[in-house]
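By written order: A, B, C and D. Residues from 1 in each chain.
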Amino acid sequence: MKRKVGIIGLGYWGQNLLRNFMAATDVIACCDTDPAVLAKLKEKQPYFKLFGDVGEFLKDSKAEAVVIATPPDMHKELALSAIEAGAHVLVEKPLGISVKECDQIIEAAEKNNRIVMVDHTFVYHPAVQLLKDRIKSNEFGDLLYYDSVRVNFGKFQKTNVLWDLAPHDLSILQYFLDNKMPRAVSAVAATHLGVEGLCYITLTYDNGFVAHLHVNWMAPVKVRTIMVGGSKKMALYDDNQPAEKIKIYDKEIKRFEEKSDDVRIRYRVGDMVAPVVPDKEALANVVSEFSNCIENNRQPVSNASFGRNIVRILEAATESVKKQGLPIPLNI
Amino acid sequence: MKRKVGIIGLGYWGQNLLRNFMAATDVIACCDTDPAVLAKLKEKQPYFKLFGDVGEFLKDSKAEAVVIATPPDMHKELALSAIEAGAHVLVEKPLGISVKECDQIIEAAEKNNRIVMVDHTFVYHPAVQLLKDRIKSNEFGDLLYYDSVRVNFGKFQKTNVLWDLAPHDLSILQYFLDNKMPRAVSAVAATHLGVEGLCYITLTYDNGFVAHLHVNWMAPVKVRTIMVGGSKKMALYDDNQPAEKIKIYDKEIKRFEEKSDDVRIRYRVGDMVAPVVPDKEALANVVSEFSNCIENNRQPVSNASFGRNIVRILEAATESVKKQGLPIPLNI
Amino acid sequence: MKRKVGIIGLGYWGQNLLRNFMAATDVIACCDTDPAVLAKLKEKQPYFKLFGDVGEFLKDSKAEAVVIATPPDMHKELALSAIEAGAHVLVEKPLGISVKECDQIIEAAEKNNRIVMVDHTFVYHPAVQLLKDRIKSNEFGDLLYYDSVRVNFGKFQKTNVLWDLAPHDLSILQYFLDNKMPRAVSAVAATHLGVEGLCYITLTYDNGFVAHLHVNWMAPVKVRTIMVGGSKKMALYDDNQPAEKIKIYDKEIKRFEEKSDDVRIRYRVGDMVAPVVPDKEALANVVSEFSNCIENNRQPVSNASFGRNIVRILEAATESVKKQGLPIPLNI
Amino acid sequence: MKRKVGIIGLGYWGQNLLRNFMAATDVIACCDTDPAVLAKLKEKQPYFKLFGDVGEFLKDSKAEAVVIATPPDMHKELALSAIEAGAHVLVEKPLGISVKECDQIIEAAEKNNRIVMVDHTFVYHPAVQLLKDRIKSNEFGDLLYYDSVRVNFGKFQKTNVLWDLAPHDLSILQYFLDNKMPRAVSAVAATHLGVEGLCYITLTYDNGFVAHLHVNWMAPVKVRTIMVGGSKKMALYDDNQPAEKIKIYDKEIKRFEEKSDDVRIRYRVGDMVAPVVPDKEALANVVSEFSNCIENNRQPVSNASFGRNIVRILEAATESVKKQGLPIPLNI
C-alpha cells in the first residue's frame, strides 16, 4: 500500500524529493510559502492539495508521512509539529542546527512512536553502499584513514561551507564506521566576504584512525574525491567521473624481516579493479528506505540519532574554528 | 671562472646534484662511505679525487664549495666542518633536524663569512617561479589560501612523511609569502607500521590566510597538486602533468549590492590560461644560484635563515602531532 | 508573437524538442502513434491537441510550424505533407535517407515558399559557434585538418553508426568550411552482429585539407573529441569535459631558413587558453533560429540544402563502405 | 658467455641501445661518423674501440653481433656488410626503406646463417606482451578492431610521419595477429611545409577485422592510445599514463532473442580491471631476445621476415597516399 505523503519546502532539493516520492508513493499535498512556487506546481499537478501555511498543511493535508525540505533553522519546529500531528518525518540534512534541537526531535519521535529519518542521501548512494560492503567484509583490512576533498567554485549559501558540505562526508564516515564517534575534532576555516568559504576538518579516533575533510566553495575546479586507506587495500571514489567512480587498489605496505631497528618495508602491488556500481538514484533508495521503515516500524540507517551525531561533530568543528583549530574532545 | 666543487653523499639525490654540478662547475672531489659507490664512480670519472672519509675529504680535496647530500642527521656536523675548512656550503633539505642545529650553522656561516644555501629545489622550479612572479605582481589579488596534496604509494623513509615531503611545500609557501611565518601550526598524523605515513599540516596566519598540506606515503595514487586561491584569480599547479602544469583561473567571487544582511554574492568567470613554463631543470637553477651567490657574495633565496624557518615549522608540527593536533604558536 | 507549433514524434529527442519549444513558442499539438506516449502527455499537458494519426494532425492542428522527430525513413513523406499543408518545417537530422529525398523536400519548400530547417543541433552549440568565430577570424591560420573521435559503448540503433553519429561531425565540418564539399569520401566499417558498429570516414579536399571521423558504438569508453589543426593555432574540443570544453593551443610549426634541401623546422609554443563558452542549451538556439527565420523569411544556417550536402556525403560514405574503402568522388 | 657487440650509429636511439647492451652484453666497439660523438664517448668509455668508418669497424672490431642504429636508408648496405663479415645483426626499425631491400637482407641472412632481428621495440614492451597473452588465451573473444592514436606536437623528421610512427603500431598489430597480413591498405595524409605530418592508415582483413592508425606530428597534445575491441572484452592501452596503462573492460554486446528482423541487442557490463604490468624496460627485453636467439640459433619474434611485412604495409600505404586513399591490395 502506497503511503500518503506531504512535502514542505519545494526549492531545489524539495523538487528532487517530490520527483522521487511521486515515483514510489502517493504524494497528496505540498506546502511552500512562495505563491509562485505553488502556482507553478498547480499547473503541473492539478490534483495536489497545496498550502502556503504549515499549520493548515499539518491540520488538513492528512499526510501520514511528511518530508521537510526547508532551510535548516526551520527543521526543528516543523519536525516537532509534524510528529505531534501524528506523521512520520523525513528531514533534509542536517537534522537541526544544534544538538539540543536534535535531542528535542529524538524525544518527540520516541514519545509519539514515529519514524524520523534524515535525508543524508550519500548513505544511500550505490557507490557508498558498495564501499560499505567491502569495508564490512574486511576486504580493506584495518582502516587507516578517510580523506575527502569536496571543493568547487560557488555556490555560497546563507550558512557556511562547513554546515553545507561537510554533512555529506560526515554521513559517509559515520556509515563506514558503524556510528563510532571521533575522540576529537579540529577545524580551521578561511573566511572571504564574511563567510567561511573553505574549511579543513580533522577527526581523530581512539584506534589511531584519522579522517580529514576539505570542503571549499572558493576552489577553481570541482573535485569530489574520497580516499579510504586500509592495511590491505585502498579505494579511491571519484564522484565526478561519469564511469568507474570507484577504484579499488590491491596495494599493501608490509613490514619485512623485523630483525633490526631499520624500517624495512615492502610494497605489494596487485591489480586495480573498478567494480560495477549499480545504476540507481540515491534518492530513490532514500524514499524506499523511508517507506520500508514506516511499513515495518524499524529504524532507518540514517535515523535521528545518526543525524544527531553529525550535528554533534559539526558543533564541535564550529567551536574549533572559533578557537583557531583547537581540538575539541567529543567524549563528554 | 668555474668553482672547484666537492660532493659528500652520492645516493639518489647526490647523483642528481653531481650531474648538475658537473654541467656547470668544476667537480673535483667526491666522498661517500660506501666503497661500492666510489668504485662505480671511479670507473665513470677517473679524474675525480675520491674519499671514503669526510675528514680527509675536507683536508685534502681543496674544494671551495661543498655539497652535502647525506641523511639529515649528519647535515649539521658536516656543514660546520666544511665551513670551518673555509668552504661555501650547499645542504640538501632540510638544513638540520632541529632549530638549534640550524642556528649553529647560521652562526658559523656568519662568523666565517661563508655562503650557506639549502637545496630547497622547488623554490628554483620554473613553475614555482612563474607563480611567484604572478603573486608578486598582484595578479591573484589578496591571497586567501594555499592547499597542497602531495601523496603517493611509498617510499617509506627512515624519517617520517612530515620531515620527508612537507619541506617541499613549506619552501614554496615561504617563497610565496616572502618568508612571513605562520601564527600557529597544527598537525595530525596516521601511523602505520610504526612510522607516520600520512600527515595533515595546517598553518594559520595573522591576516586570515590559511595554508594546508596533505602529505601521504600510503595513498593508492600519486597526486601532486597545489591550489592557490586569491581574491581575484586562482591557480592550480599539477606537477604530475607532462604539460600545462599551471592553470590560472580568472574566477572571482564578489559581494554584490551590500545593502542588506543577505550574503549576496556574484561569480565572475573568465578564461583559463595555461602559461608556457620555461623548460629548465630546477636543479640547474639551484647550481647557478649557488655559484652566483658565491661569486657576488650575496645571500641565496633559500639561505640558511630560510632553511631554519622551515625547520622551525617542522618542529612545531612535530610537537602538534604529539599533542594530537594542538595548534602550536610560532610567535615566540 | 509566439508561433503555433506542432510536434510529430515524441521519443527521446522529440521530448527534448518539446521542452525547448514549450519554453519559447506556443506548442499547440502533438502527434505520436504510440497511445501510451499520448496518454502520458495528456496527463502533463491537458491543453494540447493530441493526434495518433499524422493526416488528422496536419488537417486539424492549425500548426504554422511543424517539428518532425520521427525515424529518418519517415522524414520525407512527413516533410512534404507538412509543407503542402502550409507549414514551416524543422526536421530532425538527417534530412532524409537519400539525396533524392532531400531534393524533393528542397523543391517543395521552394515551390511553397516555406522554411525547411534541419535540426543539426551541434551547429547551434555554443562551443561549436565559438570555434566557428575563431576560424572565421583567421585565428587558426590555414586549416590543415579536422579530426573527430565520437565513440562509446552502445546504443545500437536500427540504422548503422555511420548514419547515426557521423551527421554530427559532418554538420560541424560543413559549418566550419562554409559548406565547401570534399573532393572525395572514403569509409571503412567493422560489422558486429550484422550492423556496422564502427566506421572510419575520411574526407579529402581540393586544397589539401583532410577531415577524419571515427564513429564507434563498440568502444569501451566514451570519447567526444574534435581536434582542429591550423597553420597558426590548434584547438581541442572535448565535449565530455564538464568545464573547459575548448582548449586553444598557440602552437605553430614553421619552416626555418629554407636554404637547403633539409627540412629545417622550428616549433613555437605559446600559452594554452580555455575560453569561456556561453552556457546555453544548443537546442534553445535551434528553436530561436527556427522562429527567427520564419519571422524574417530568411534561410537558417542548417537549411535544407545544408542538410542535403550531409546526406550526399553519407551516401558516398555508404557506397565506399560497400566498395571496401574505395574513395568516392563528389564532384559530380 | 657474454656476446661481443659493436654498435653503428650513436644518435638518440643508438645511445639507448648502447646503455641496454652495456648492461647485458660485452660492448667492445662503436662506430659513428661524427667525431664529436666519438670524442664524448671516448671520455666516458675509454676501453671501447671507436671507429669513424664502417669499413674499418667491420674489418677490425671483431664484434660477433652488430647493432645498426643509423638512418633507415643506410640499413640495407650496413646490414649486408655486417652479415657478410660474419656478424649477427640487430637493425633499428624499419628494416629497410623498401621490400626489395628487405628481401636482400633476408637472402643474405639465410645464405650466411646469421640472425637478423629488427628492433621493433614495442613487441617487447611488457604492456604489449600482456595484451598479446590475453588475446592468445581468447579472453577478448573474436577480435573486431584495433584502433591507435599516436599523435603529438613535433618532431618532424627527414622521413614522413607514416614511416616514422606507423611502424610502432604495425609491429604491435602483426604481433597480435600472428603475422597475418591485411587484405588491403589505404592511407590519406595531410602535408604541411612539404612533409606528410598527419596520416590515417586503414587496414582491412579477410575476416572483417579492421585496424586503423592515426599518426600525427601536428597535434596540439600528446596522445598514445590503443583500443582493442573483441566480441567478449575490450582493452584500452594508454601509454601516456604513468600507471594503470592497460585497462580491460568486461563489456559485451550480445544479440538477444533473434526471432525477428529487429536488431535486438543487449549490453553486458562487468568490472574494469587494470592488471599489473611488469616494470621492465622494453629495450632490455630486446637485448635479451637478441642474445638468446644467437645463443640458441632460433628466430626472434621480430625477425627479418616480420620486419619485411611491416615495410610491405608501409610501401602499400605510401602508394595509397599518392593515389588519394585508393585501397592497395596486399594479396599479391
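Here, a contact is a pair of C-beta atoms (placed from the backbone, for glycine too) under 8 Å apart; a residue touches a chain by one contact, two chains touch by 3 or more.
All of these numbers come straight from a predicted model, not from anything done at the bench.
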| item | value |
| --- | --- |
| Chain at maximum distance from subunit C, centres defined as averaged CA atoms | B |
| Chain pair with more C-beta contacts, A-C versus A-D | A-D |
| Over-half contact-pair match to B-C, picked out of the listed pairs B-D, C-D or A-D | A-D |
| Centroid distance [mean C-alpha coordinates] between subunit B and subunit A, Å | 39 |
| Rounded Å distance between subunit A and subunit D, as computed from the means of their C-alpha atoms | 53 |
| Subunit A-subunit C separation of Cα centroids, rounded to whole Å | 42 |
| Shared-contact residues (touching 2 or more other chains) in subunit B | 221, 269, 272 |
| Contacting residues of subunit C [partner subunit D, same complex] | 144-145, 147, 149, 153-158, 184, 186, 188-195, 197-198, 200, 202, 204, 208-210, 212, 214, 216-221, 227, 229, 231, 234-236, 247, 249, 251, 253-255, 262-263, 265, 267, 269, 272, 324-327 |
| For the subunit A and subunit D complex, residues of the former touching the latter | 244, 269-276 |
| Residues of subunit D touching subunit B in the complex | 44, 46, 221-222, 240, 242-243 |
